[in-house]
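Have a look at this one.
Lettered A, B, C, D and E in written order, each chain numbered from 1.
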Amino acid sequence: MSRPFKEVLTSGEFVVTSEIGPPKGTNIDKMLHHIELLKDKVHGMNVTDNQSSVMRLSSLAVCHIIKDHGGEPILQMTCRDRNRMALQSDLLSAYVLGVRNVLCLTGDHISLGDHKGAKQVFDLDSVQLIAAAKNLEQGQDLGGNKLDGSVEFCVGATATPEADNMDSQLLKFRKKIKTGAEFFQTQAVYDMSMLKSFMEHTQQSNTKILAGILVLVSAGMAKYLNANVAGVTVPQELIDEIAGAEKGKALQKGMEIAARQIKQIKDENICPGVHIMAIGKEEIVPEILEMAGI
Amino acid sequence: MEVIQLKPITAELKKVLKKVDLNACLTCSTCVGGCIVTDCPQMDGLDIRKVLRMLAYGMVDEVVNSKFPWVCTGCGRCVHACPMKIDIPYLMKVIKGLRDRDKVPGILHKGVEKVLATGNNMGIPEPVYFQVLEMVEEEMNEEEGFSGFKLPIDKNDADVVFFPNSKEIAADSDDMKWYWKIFYAAKADWTIPKENWEAVDWGLFTGNDEASMTLARRKIDFVKNRNIKRMILPDCGGGSMGCRTGIEKWKAKDSSLSVDYLYIYEIIMEYIKEGRIKVDKSKNTKRHVWHDSCKHGREVERLFGKGMYDEPRWILSQCTDNIVEMYPTGPNSFCCGAGGGMWPGPYKEELAYNGAKKAESIKNSGAEVVVTGCSNCRDQIMRNLKKKYNLDVEVKYIWQLVAESLVLE
Amino acid sequence: MSNEKIVGSVMVVGGGIAGMQAALDLANAGYSVYLVEKSSSIGGMIPQLHRTYPICICCKIDSRGVECLSNPNIKVLLDSEVIEVNGESGNFQAVVRDKDRTINLNAGAIVLSAGFEPFDPSGYDTYAYAQFPNIVTSVELEALQKPTGTNQGILRRPSDNKEPEKIAWLQCVGSRDINQGDTGACSTVCCMYALKEALNIKDARPRIEVSIFYMDLRAHGKGFENYTNQALAKGVRLIRSRVHTIDPVPGSDDLRIQYGDEHGHLQTESYDMVVLSVGLKPARDAVALAEKLGVNLDTNHFVQTRPFEPTTTSVPGIFVCGALNGPMDISNAVTNASAVVSQIGAYLGPTASPSKAKPSEILNISAEPINFMDVPVKKQALVVGGGVAGMESALTLAKQGYPVTIVEKNNQLGGHALFVSKTWQGYCVPDYLMRLINEVSNHPKIEIHLESEIVKNSGYVGNFKSAIRNSQSAITVEHGVTILATGAEITKPTEYLYGQNPNVWNWSDFDEQMINDPGVFEQAKTAVFIQCVGSRENERQYCSKLCCSFAVRKAIDLKTKNPEMNIYVLYREMRTYGDREDIYKQARLLGVMFIRYTLENKPEVCEKDEGILGVTIHDHVLDLPVIIEPDFICLQSAIVSQGSEKLAKLFKVALDKDGFFVESPAKLKPIDAMTEGVFLAGMDLSPKSIEESIAQGQAAAGRAMGILSRSTIQVGGVVAKVDEEKCVGCLTCVRMCPFQVPIVDPNQRVASIEPGLCRGCGICVSECPGKAISVVGFSDQQLIARTESLLYS
Amino acid sequence: MIIAEQKPIQEIKAMIASYQKILVVGCGTCVTVCMAGGEKEVGIIATSLRMALRLDGKKPEITEDCIQRQCEWEFVDALKDRISKVDAILSSACGVGVQALAERFPDKPVYPALNTTFMGMPEKHGLWIETCRGCGSCELGRFGGICPIARCSKGLLNGPCGGSQDGKCEVSKEMDCGWQLIYGRLKTLNQLDQVEEILPPKDWSTDRDKGQRRILREDVYYEQTV
Amino acid sequence: MAEFEPKLIAFCCINCPSSSVTVCESMGMSIPTNVEVVRVPCTGRVDILHLLKAIESGADGVYVAGCSDGNCQFTDGNVKANRRIERVKKLLDEIGVGGQRVEMYRMSAAMGPRFAEVAREMTERVRGLGPSPLRR
């Protein structure tokens, strides 16, 4: 049975979270399968919020389902689709549904998704959303009004250890910590030396950094990431390694790489935990963890 | 990795190389494009431009110890087109001379030692020499029209002297008949030496200037002692080149020395023009082509101002109406591949490779008969290239063609 | 104008591009000119060409000829030959004979400009030019390509009129060849013309394969490197090899080329046609005339000029320009012609009045009568830059009596030449420079402003006004012409341990040291020169031109002092063009080793213990690394523009992408700026050697004479006019004008166009979004009306 | 300046196809400068329309005019006579000008020839970029003179999002990341401390959310009395 | 029916292209009579409106003859003209007249017959397109 995520975070254990992607539609069978598979293997299941600006089942609803199935959900909230009213209202809703963990993000631009003509919001930014959550904990909303019954969240945020514009990213990172982010799930990291140097920036705070592990399924995916996804750089040797895998074994190789990295992060105590992203293939996560010796 | 070691060229060597401005080299590749040795598989990647470059870097030992100068036939096609006119044949000769004598490839140096000791490259003793001559003389007498032929050995006051070549004495004695027939028909006042008769000059082929000079001196002495009017330069390209160069050098040393010499083509031309011999064109209906020997043509032109291009062609035109030309020809023609001591030398695969270009020229010309004026060239084409490159041709000496076309009265 | 000066006419012998330019510049400055041409038409070589490089002037050459023929100050004598010349400078008597008579004429000066003739390649038996019809010379190819030729511009090979599919050019036929070519010198222009021919063919028929066999690609001039890169991009193939022999392909009219490639292997290729890029030989008749006149010739039989006087022959009063002086391209020929004019102007007074400008063709086709205004000319010059080019131009003009103001930003005159010990020929630069500085400093007509700059400029040709400022004061000068000669800068290398090891020198420091204390270098055992440091790579895709000659000169000087020194010159292409080839050969003969490297295989410089230098370079022939331990390294770093943006803006001169001034696009004006009355000289145009800077400085003065010698100048005509009511000050015209003429004064808020500067192209008119500009004679209404009338007629 | 661009001719044609007499009116201010609707473009639009309509078998009378500013009553009024003679007006001004014409000539249909796009300036000749969103409460001082509302595609106030890479926005590689510009400029100015502070959510009440915005200047306000 | 003879207007720069006309004439090559030449100081002077008006006034095709690349006396008037021609093509396509009725040609004097060639080429092209729909 799951433990509160906050407790795990402060326990000193090696923390493992995984991602759950809500379906586009109401068929939740596959997702439920993933939830069942993972709920005892990971310390938290992080539910994406209309990821990549593609409209899906809401994060909040899925978090609720996870809770029902005995898992520990982490609610992702982006600032793209809701103004400050809706965001706060959803935070309150989450709390009453038993969700205790929230990950605050800016969100992708609307033009990257499947509703390109939609009006995007961005009334708040991620720092302000963290502040809003913290504010609700204090029993107040952003309008300065008192709440009847407050909330209590473990608030997380995101960071990009391999960003090319590290200076300006750190500006925001510092603000997130200052605002009260208790944990970070990072963008995918492949270069451990960059992760290490990023970790030096976190030394002063108590916040916990969970390194993002994005499982590579092919060399093509690696190249796509390099070309199109900001702040992600797959080193050439990894691309070569995957490309060199036998036919049909690329995924296996990607899993090996992920496991190796998780093991290294744990063994060398680089980060207190990892956040595994296996977009759409959540069923492989247990095996990766096994390979990593977790 | 191999690295070029920079070595200053010794003062002594500098003196030797002084005559050739190898530093003028533009590294332009003209020589490589014109050289028959280029891409020869047995050359370990060496080409003429590289050799020059090595010398410029002071890598003299490497060049001296390499095969390249020995496979180079000294044909001079490189310097003919070299924009800086670098005398590569001379340079190669100098490099050959720097090789320890006991390391000179094959039989070449032994030949030099023999010719110095015995008067001919093969050390054929005088009695054998006479035996062969007498035998051929007898055979000549038996041929129709040549009865009464008498070989004039060591004749004083003769008009011309003719030098045989040890190869002819040892193996191809019949080849001499063609000359003799011409002399006979022309009623020439000629002679052939008893001693020191060797036509070939392997001193030239081994970079042994001293030997070359000695050989030339012997011929001069013979001419002087016997009061011979004119010397016919040896037919062998190298032989004529060594001899002529030697004579000029002796002349430079002694301004009172005068030696009259001429090429075999010139004497035959003289005989035909003066009506002393008559030739019958109708005997030669096949397609004939003239092969320019480098050391009768291009190199003679370069070193002495005029090459023997027109003379043999004129003779050919007297013997046949069916003449074609090769391409390239004249001063730009390809070497047969056997010059510079390659024919007697030990490098047989290279010898064949060297002749590839000439073989192609011959093939492209469509000729049925290749006519040459150098024994080296003839042997290479007749005995080597024909077989190696499937040439369906006859190969003839020009004097053979003349002798065969003679109209005897 | 000084009164003691002798006046006289000028006889120009040779009516090619240089002769025409000299004649026209002289006529414009008020001289009576006899233009003697031995053929029946003027124009020289250019009319025989298909196109010229880099910009085509073919369409301009005829009109230039017409200009000469119709100029009242020029008497063109066709089919004429100079038979005899007597007398001396200032008073020559010449006898000229044409088809049916003999003419006696007097001339104060003689200009030899009879050009060159193409080398006759028949002597190359290996190229068998005479033997095979499909081997043609480059000149014959031009004729084959010409649209007015028999094939109407479609290239067909001579043997069977077939359109060729594969063509090869062989470079250096009759150049850089002391053997069959009988000439040591490089003909300078063949690399570029071969590229031009190849590219033209490629442009017309992209499927034709074109290959150029060459030794060193001499793309040293302005824009040449760029042109070369374009050619390569369009598929022109460059093969570095000199071809030994052209063979026929048995059974066809094709030709076979076997060549040694860069690795020493034999390659064989067949071509439909082979073009021999023949070199330039001085015109035989001209050489004979020069000899008759007692004029000295150089080793390659071109007319020799005096040190630091690029157009002056050994005989006073006789000058030379164009390819008779040595192989040169069109722009150099034109430049030297203008330089000659200025040199004549310095001692000979004109006999007539300046010829009037002819109305241009634009006027003939305009839809309304065009009015002009006569404005007096300020007979004074402003020279910006006190280097060699600036001083030469100033001195030349001052000698003719025109006041000159020199503005120099440094605290002394001399410019870049202060750091140069010798010219490539070995002439002593400091001596010359001191002489020149003294003469300029002491000339009563020259006013010098040191540590000063131009801060403002207004007006137009004949009537400029500039503000000069230094730390103390600001003054304004009025001037009829402007000469910009601001020079260039040398980059500091960022590689090869420069600045880290004291024995790694930049070439300018090195040469300064050679002036002050050459002993530092002369004792060295081993020296290395590295070429193209920062040139021809990355952002600087051009050749700095003078570095090859520099390194070769220095190597010779060092080797002469210390024959035991080992000298290595590491280069990419040896660009010792023209006579410079002679010193390249001299250096090789002295034992200097030249090692070629490529961008992919640059030399590596390292420092061993105790600061000992090590250089590793891959030998291009042996294909092996060479390790050199030099006592010093001299880096030939790039020459770059010294940041001329401000001046360019002030004087409305464009800058090219490398930051150098752009000369007039009117093609045959290589030292005119786009703005009339502004001339450009020296390294601010592109990197060049001292004598080329001298020639340009003098040429700028020669061009300036054409303006300063007049009392008035015409302004107006076909120019753009702004309707201030309509103008919204949107800046479109300011941004679109190729000559930066329109300005929107922030105080006036509308555009204004100075009629003295406007060239009347009409680009701004077509771009103006408010339709606030019109151009006289070509308004929208006029053009649309014309269109409609044509359609309705 | 207001930046606009021309609508496709077919779209314009569809709007005015039913009219016989049409006046195309340009504006001599912003849209002239941004080359969308000045006198030159009016000529092009009118000529193009004439041809397009003729192809449809119509023979419209299309006349042209261009006034100094379509957003000023005085200039608009000068069109009165000409407009009285036409059936419809095609305005190649910004939306302000189109509305001005519509308001002044209530009995004539007015159509826009342009899409009014944004407030900005030419980055290069022929390339315009948006630089201001007119949000009503300018905070440019804090951001080094670069507006995060207009130039960050998400209008973020506390720093860049994770989509910023190589100085470009995740939306398009052509677009600079506004936050990188801000950061770089503040770094140059040595004013990075200005953005260290956590900014609270923006007060959008000055934006257009309260409906049509208006500014009344008491000191200059002048009620026209005819 | 007689073959359709298109009416063409050629805006022609007075530099290289006009020289090309001269060269054509000197070579005895005639320029088709259906082509009317309007000379301009530089093709940079050719306005979008000029081309549109020509089509509107009944030309079946219009082209601009400018100097070859890098040969403009006014640096890049030909390039600027070319960009405008691209816009006119698009406009005419949108309108329905067809952008193919407009073209930019670049030529140098040295290309001699090119002017006549272009005139014929354009005539052929427009003949293929048929009369301007505005004239039908």
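Some notes on this structure:
Note that contacts are C-beta pairs under 8 Å (C-beta built on N, C-alpha and C of every residue); 3 or more make two chains touch, one makes a residue touch a chain.
This is a predicted model, so every value here is computed, not measured.
Among the remaining chains, those touching chain C as well as chain D are E. Contact with both chain C and chain E is made by D. Using the average of C-alpha coordinates as each chain's centre, A ends up farthest from chain C.
Using CA-based centroids throughout, the chain positioned farthest away from chain D is B. A summary of chain positions shows that the Cα centroid lying nearest the centre of all protein Cα atoms is that of chain C. Should one ask which of D-E and B-C has more C-beta pairs in contact, the pair is B-C. Between the Cα centres of chain A and chain C there is a gap of 66 Å.
Per-chain CA centroids place chain B at a distance of 94 Å from chain D.
Chain D and chain E have CA centres that are 36 Å apart. Taking each chain's centre as the mean of its C-alpha atoms, chain B lies 54 Å from chain C. Shown for chain C are the residues that touch two or more other chains, namely 736. Looking at chain A, one finds that none of its residues touch two or more other chains. In this structure, the chains touch in the following pairs: A-D, B-C, C-D, C-E, D-E. By the touch rule above, chain D contacts chain E in their complex via residues 8-10, 40, 43-44, 47-48, 50-52, 54-55.
In the complex of the two chains, the chain B residues touching chain C come out as 1-4, 6, 8, 21, 23-35, 38-39, 45, 47, 49-50, 53-54, 56-57, 77, 79-85, 327-328, 330-332, 364. By the touch criterion given at the top, residues 726, 728, 730, 732, 735-736, 768-771 of chain C touch chain D in their complex. Against chain D, in their complex, chain E makes its touches with residues 47-49, 52-53, 55-56, 91, 94-97, 133-134. Residue ranges of chain C in contact with chain B, taken from their complex: 125-126, 128, 172, 176-181, 215, 240-245, 247-248, 250, 258-262, 264-266, 566, 585, 588-594, 596, 619-622, 624-628.
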